[in-house]
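Below is one structure, written out as structure tokens, with a few remarks after it.
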Amino acid sequence: MGRAATAVAALAAAAIALAPFLAGDGFVYHVAILVAIEGLLAVSLHLTLRIGQLSLAQGGFMGIGAYASALLARDAGLPFPLALVGAVVIAAAIAAALGTVILRVRGVQFALLTFGLGEAIVLIFVEFVVPFGGNNGLMGIPPASLGPLSLQARPAFYGFALAVVFLVLLAVRGLLAGTPGMVLRSLADNEPLSRSLGTDELAWRRLVFAASAAVAAISGSLYAHYLGYISPEAFNVGATVKALIMNVVGGVGLLAGPLIGALILVPLPELFRASVRYQQLLYGLSLLALMLFLPRGLGGLLAGRSRP
Amino acid sequence: MLRLIRHAALAATILSAIAGAAGARAQAQETLKIGVLGTLTGPGATWGLAIDGGARIAADEVNAKGGLKVGDKAYKVEIVAYDDQYKAASAVTALNRLAGPDGVRFVLGPIGSASLLAIKPITERDKIVLFTASWSAAVLKDSNYIFRVGPTTQEFAPATIAWLKRTHPAVKRIATVSANDETGWNSQRIQKEAYGKAGLEVVAAEHFERQQTDFRALLTKLLAAKPDSIELDTTPPPTAGLIIRQAREQGYKGLFTKFGGFDVAEIVRTAGADYAEGVVGISQGDPASPEWARLREAYAKHHKNEMGDFVFLFYDAARLLFAGIERAGTATDVDKVVKAIEQSAPFPGTVGPLTWGGKEAYGVDHQIYTPLYLVAIQEGAGRVIGKVDLQ
Amino acid sequence: MFQQFLVIMALSAAIYMLLALGFTLIFGVMRVVNFAHGEFVMLGAYALYVVQDVLGVGYAAALPLAALVAGLVGVVCERLVFRRFVGDEIGSMIVALALAVTLKGAVTAVFGTDGPSIARPISGVVTLGGAVIPKDQLFAAAVALVLVALTHRLLVATRLGLAMRAVAQDAEAARLQGMRPWTTYPAAFAVGCALAGFAGALTAPIYGAAPDMGDAALMKAFVVVVLGGLGSIPGALIAALLLGALDAGISILFDPTLAALASFGAVIAVLLFRPSGILGRA
Amino acid sequence: MRLELDSVGLRYGPVTALSDVTLTVATGTTAAVIGANGAGKSSLLRAIAGLEPLAAGRIVADGADLARLDTEARIRLGIALSPEGRRLFPEMSAADNLRAGAFTRRAGPAVRRDLDRVYTLFPRLAERRASLARNLSGGEQQMCAIGRAVMSEPQLLLLDEPSLGLAPKVVGDMARAIATIAASGVTVLLAEQNSRLALSLAQTGHVFEAGRLARSGPAAALLNDGDVLRAYLGEEVASPPAGPIPAVPLPL
């Protein structure tokens, strides 16, 4: 993209991000907040795709973030920012520890492994009623606030979520543009070569995997403190699949792809709601059509068509 | 060229969907939207569809009489229904829609306790009135805007168990089965307590997952405790039917009671008439009564499934709400409407007077008492065999 | 209680085998992880409902017809959807997920979300050594085992089976023998989906049908196939027995959630330490 | 079967694999295709078998243009390729691999007779017929691969590097087997890095260099040609081991 095109894209992104403030409608804020939260989960999945491994456990990591943040704030009495940080640290640490073992598995096997892992995480929330509340989930999660500044009102929470998304994108871009990204690209191009060059490729992949879990945990923490209520099924593999579809719709080759996907897919059920009976069918057909006719996603359209 | 056509077709699909949604929002004016929030799909759907059916029957009646008279205006009542899929998170999103773009202040539902407890902080804060059949004890505590439309395990368990002791003196050992969530935990706890108080031994208490259909392992464990009667509690009726059938197939000869949401048609459908024979439950209405026939006919205009007894609860609740709004003279001042409803007891219900109480148990008199029948399944149909005395 | 455990384990394992067989066959031949496998089970159940309860055909005829419907839909899906993703393992997984949503949606649109009322052609029980065995479950398990045996015959003793195995192991070398992968793929899909359809049609009278019944079926097939090693049929048979034992045992002693947790734990352990499955060469 | 190639060109994306190849193999003769690694020998055989689309030119078998025929149709026409690296079905028995070779034929006495011929040609294979292909030794695998190609009853047999990675004694066995097949009237096109072996089995030889046909001539003449000797026969590069057989499950 040229300089002008980049500027136009940035302006468009800013306009879309700020649009809810102009609309001012409570439900628009609600949908916008969900776009931000689910978009973050999609970004976290995007990171795992960048290391060439489709992780279906990202919903589980979002759950770990949500439950950790909720328990830290509600039962341990930590203020929201500390609970958020704590949740991110816990999820990233779990991912780093698991990554040492599971990242050795590649390809379809890795997708299946994380599918099992994601289901297992959710089943743990269901099975251990103390402290996770079982199928009931956790209620009465304190609303978000930054010191004296309450984020309970939707516009305030949306502003906060927007800032978080922006910071996460900056961090992810830094990660992908810096040394890790370089190593990862060389891994994707020729893994044996970079391995023979002495790169500890597993360590780099583990770093990115932990970062992806951290982003998922941020998403989970925002979700918990926004809704004030969490339950296990919100974090099952279905949630990950939704994030995956966002990546596909938005374009997997583009950092903005997952967010474009979230922007389209989160409000999509609202469009089809008029016909409840056909909602799921229309949704599925649109997805199939997208995958068959726009394999590079909508982001691919924007980035021009360089592929034959 | 082909690619261009494909893109154009895709764009057209998306645009038409957007246009459709926008069109749906364009109407309104002089209509009062009443929300329905219930499980419209899956195993709990009989109850959710009962909310929707009851609300629509009541709305049809009001609209046929020229609408709701509020002050000098007449509102046409419109029902807006959302499915919570028995999931709390879906309930929160649905409520956000009802309260946001739909501008709804009065909601019938939900049934799931988790759904209700998840939305309660929002509805209490934003002053949205709920008429729920959710049975958790925590529903009415610290709430000002929630009414519970019918008696719960808490209210009827002593009476139903007394009936069991009187009519089945040989029954000594009880097993209970309930769903593994707030609804099941709460009702099972109350049942166990009440059975214990009545001097019956609870020999097994099991929980299942809502999407479960295979109960062979659970029943193996349960039947090993040799119960005389199995209490199916708040288990959704289609699931209850499967449990009954699989228990009978494993050789269980004892009694089944389902004191907590009963649906003869659903239980007979999934258990089979032979296996369902003799199952005893409670019902809001008498299936042989003319009222039942009238509502059943009206219900058939909205939903294809066989009407369940919860239609009585929500039909009456909707009528109670409409009367409250007319009496308060406002459809916007929620506090006034709540006050008006509180003051309208006893209200003429479909099968008898509705009264309310609950102050000592829940701290607020928002527990509505309705007449309750004991029903046994005989040859695939429900027969009233007694009435439950709630006081 | 132990006899009952054995009965539940054996009956479940037979159905799990059938569920897993089609899933592992399609993966073996096409390298497609068919996340829509459960939806083909669901299609079989609904097809049985339509053929038996709406059209009034007897169960004995309705059962294979229902499987045929699932198989035909499988062929159509292969042609329209999966063929474009051959060789793209991740892409085919994603498109299968989209297909699952679509099939579920299509059935919901036609039949609604409530399960239909399906007649039970077989009832009664047999008692064996203190254990009670419902006849309908026994019938389903027996048919499942027959189908497993027939599929095995198909693969080892027929031209089509030879082609399926050859394409699975080396598609290009198979072409050099005059086999056409483009006709073998739909055949594998037809067989795999018809087996799923059979599983649905066999269990529908016992457990009922619902649009989302495929999720549970997929989970079982998934666990069995991964434990047994992707694409390995003997592995799947042993893994089905193992899952049957794990499921019944833990459900009886503790609860079904813990049983599910244990089976996923086993999946994770196998993928980490023996990625080619319990029978595979580590 | 008479094989004619007319100005054949082949590309892999931007890379030219073959250009302007014109040659003829007469019915019932054996032709050797020799050249260094990457000279285009495999590409040539794959193009004839229909695995690679042509960028230019045409391939004619017994007067019929093959352009519109896919691999499967060419096999039915009588063209069989035993590919580089053998490409057996690893999880099938040797016997099933041979069965797969006869896939296009109706099962019957003719197929059974050919099976006996393969087992006579390779007695070792007969002993190992029940073993999974992945458990066979390199030589046995090569025998199985050639046998599999023979089972389709070819009139034109394309052999890609049959001696690759084999012990010298086994190479001798293989050469005798190829000579026996050729003697039965089958046209053979033999691509080999072991040029001396190939030329000694063939009547004509074709030398490839960077995707072009550098020289053609009678095999005996090429064997005695000083340039060819220096360029291709003097420096027998140690052959890399055969690629691993891709491990694909679905074993039965």
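We call the chains A, B, C and D, going by the order they appear; numbering starts again at 1 in every chain.
Note that in this section a residue touches a chain if its C-beta (ideal position, glycine included) is under 8 Å from a C-beta of that chain, and two chains touch if they have at least 3 such contacts.
Here the structure is a predicted model, which is why all the values come from computation and not from measurement.
Pairs A-B and A-C differ in how many C-beta pairs touch across them, and the larger number is found at A-C.
The chain with its C-alpha centre at the largest distance from the centre of chain A is D. Distance between chain B and chain D, defined via averaged C-alpha coordinates, is recorded as 75 Å.
As a whole-number value, the distance joining the C-alpha centres of chain A and chain D reads 53 Å. Each chain gets a centre from the mean of its Cα atoms; for chain A and chain B, those two points are 36 Å apart.
Once the centre of each chain is set as its mean CA position, chain A and chain C turn out to be 32 Å apart. In chain C, 108, 112, 230, 255, 257 are the positions where the chain touches two or more neighbouring chains simultaneously. For chain A, the set of residues touching two or more other chains reads 126, 282.
The set of chain D residues that touch two or more partner chains is empty. Pairs of chains meeting the touch criterion are A-B, A-C, B-C, C-D. Of all the residues in chain B, the ones that touch chain A in their complex are 3, 6-7, 10, 13-14, 17-18, 20-21, 24, 40, 83, 87-89, 92-93, 96-97, 99-101, 113-114, 117-118, 121-122, 180-182, 185, 209-210. Residue ranges of chain C in contact with chain B, taken from their complex: 1, 4-5, 8, 12, 108, 112-115, 117, 120, 123, 125, 127, 132, 134, 207-208, 210, 212-213, 215-216, 247-248, 251-253, 255-257, 259.
Chain C contributes residues 25, 28-29, 152, 155-156, 159, 162-166, 168-170, 172-180, 229-234, 276, 280 to its touches with chain D in the complex.
Within the complex, the chain C residues that touch chain A are 31, 33, 81, 84, 89-91, 93-95, 97-106, 108-109, 112, 219, 222-223, 226, 230, 255, 257-258, 260-261, 264-265, 267-268, 271-272, 275. Those residues of chain D that touch chain C in the shared complex are 49, 51, 70-72, 75-76, 80-81, 83, 87-92, 96, 99-101, 103-104, 148-149, 152, 246, 248-252.
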